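Encoded as structure tokens, here's the structure I'll be asking about.
Letters A, B and C name the chains as they come in the text, with residue numbers starting at 1 for each one.
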Amino acid sequence: MAQKKMAIIATKGALDMAYPPLILSSTAAALGWEVQIFFTFYGLQLLRKDLSRIHISPLANPAMPMPVPMPVLLKAMPSMEAVATKMMKAKMKKKGVASLEELRALCQEADVKFIACQMTVDLFDFKKSDFIEGIEFGGAATFLKFAGDTDVCLFI
Amino acid sequence: MAQKKMAIIATKGALDMAYPPLILSSTAAALGWEVQIFFTFYGLQLLRKDLSRIHISPLANPAMPMPVPMPVLLKAMPSMEAVATKMMKAKMKKKGVASLEELRALCQEADVKFIACQMTVDLFDFKKSDFIEGIEFGGAATFLKFAGDTDVCLFI
Amino acid sequence: MAQKKMAIIATKGALDMAYPPLILSSTAAALGWEVQIFFTFYGLQLLRKDLSRIHISPLANPAMPMPVPMPVLLKAMPSMEAVATKMMKAKMKKKGVASLEELRALCQEADVKFIACQMTVDLFDFKKSDFIEGIEFGGAATFLKFAGDTDVCLFI
């Protein structure tokens, strides 16, 4: 049986949607699949050396399970983004869910290829020194050529 | 011709993004496709017995067609989430769009397989009794094995 | 080698998520792929003649790189959606990123097929005269039949 392949386009940079590309990729790599992730738009945030700015927002997310019901305006208070982020991180740690940094390292050890979208890097004035080692920079055309031969291709 | 297969990863729990997994799955099943949905993160909300908590948020959604233009701060008023949800549900009912409950039942009757992400169930302290009958509990690895053999695989 | 095919389900109507379907489709078409986009839910906004209503919201998007850190409540001020939209458009123009109108025209010139979801058109009371020329109107079933034979199928 041929080796399975997966391509992921990671476009989100909030804490909750930062997890799926890394969880799915590390899982697929563990199954022996070849995996590439193309980080573009806000997804580029996941390639920064420092992931401490990755936050979660309870605003506009009526589906987020909160410990207590909370009026929308309260969720808009300046400190609530930090509070929700802290709560979510504490909950994940307590439940034994790996951190983003751990999952990212796991992907790299398993040879998941990380590609940073050059157009977004230019658009948001990122510096290459902002990013972790071992990544490539490329465009949508190159990535699509790989994606066209995959078994699973996801836009996250 | 071999039977077509579709895999969906359903991660959203707000009213608007709750529809696509169920509409696409019931449609594909009606075409004779084999379909599995993996409910994870906020998507787990769609498997609850009680769907009345599924809301829509007009906040941070400048593309939502509202009957009257509305300043952002007004959208943040405590009651606006409920108002927008009620308006959207009324509009759908008037236009003959099936409810989430109806679409979900349709999927189950058509043998669409529902899988709840065990990791998310543990993370958010869901109880199995919160969920409808006839679902399975599983992990990303098992689901990816199915997804790797599908014709269409979507992350919603 | 057979011609590659891509299907995209475009469901978002905010400025940032309006780009990916059009960038990916024009890129794939340039590579010689056959491409169809199914515009549904808020994605229908991208087919309007007038795209000036396509906005971006800094709210509930902690990952958006802003020139200066900004408290959440300030982001909720009535004028901030317009300010963020203006800033993002100016930045894209300065960096040579094509406008949505240009990318959309590029797709149509390259024979990317645009399909408007009839159900959403009815639901939101759109008029056919709101939309650009050269599009088709259809349902999920017809689109899935095409999607089932593609190499890449994305839900955006």
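Basically, a contact is a pair of C-beta atoms (placed from the backbone, for glycine too) under 8 Å apart; a residue touches a chain by one contact, two chains touch by 3 or more.
Because the structure is predicted, anything quoted here is derived from the model rather than measured.
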Residue numbers at the subunit B-subunit C contact, same meaning over half shared and different meaning under half, come out as different
For the C-alpha superposition of subunit A onto subunit B, the rotation angle in degrees, rounded to the nearest 5, equals 120
Note: subunit C sits from subunit B at a C-alpha centroid distance in Å of 21
Multi-chain touching residues of subunit A, meaning two or more other chains, are 59-61, 76, 153-155
Counting only contacts in the complex, subunit C reaches subunit B at residues 7, 9, 11-14, 40-42, 45, 54-57, 59-61, 76-78, 80-81, 119, 122-124, 140-141, 144-145, 147-150, 153-155
Per the touch rule above, subunit C residues touching subunit A in the complex are 4, 6, 16-17, 19-20, 23-24, 27-28, 30-31, 33, 59-65, 71-73, 76, 91-92, 95, 97, 151-156
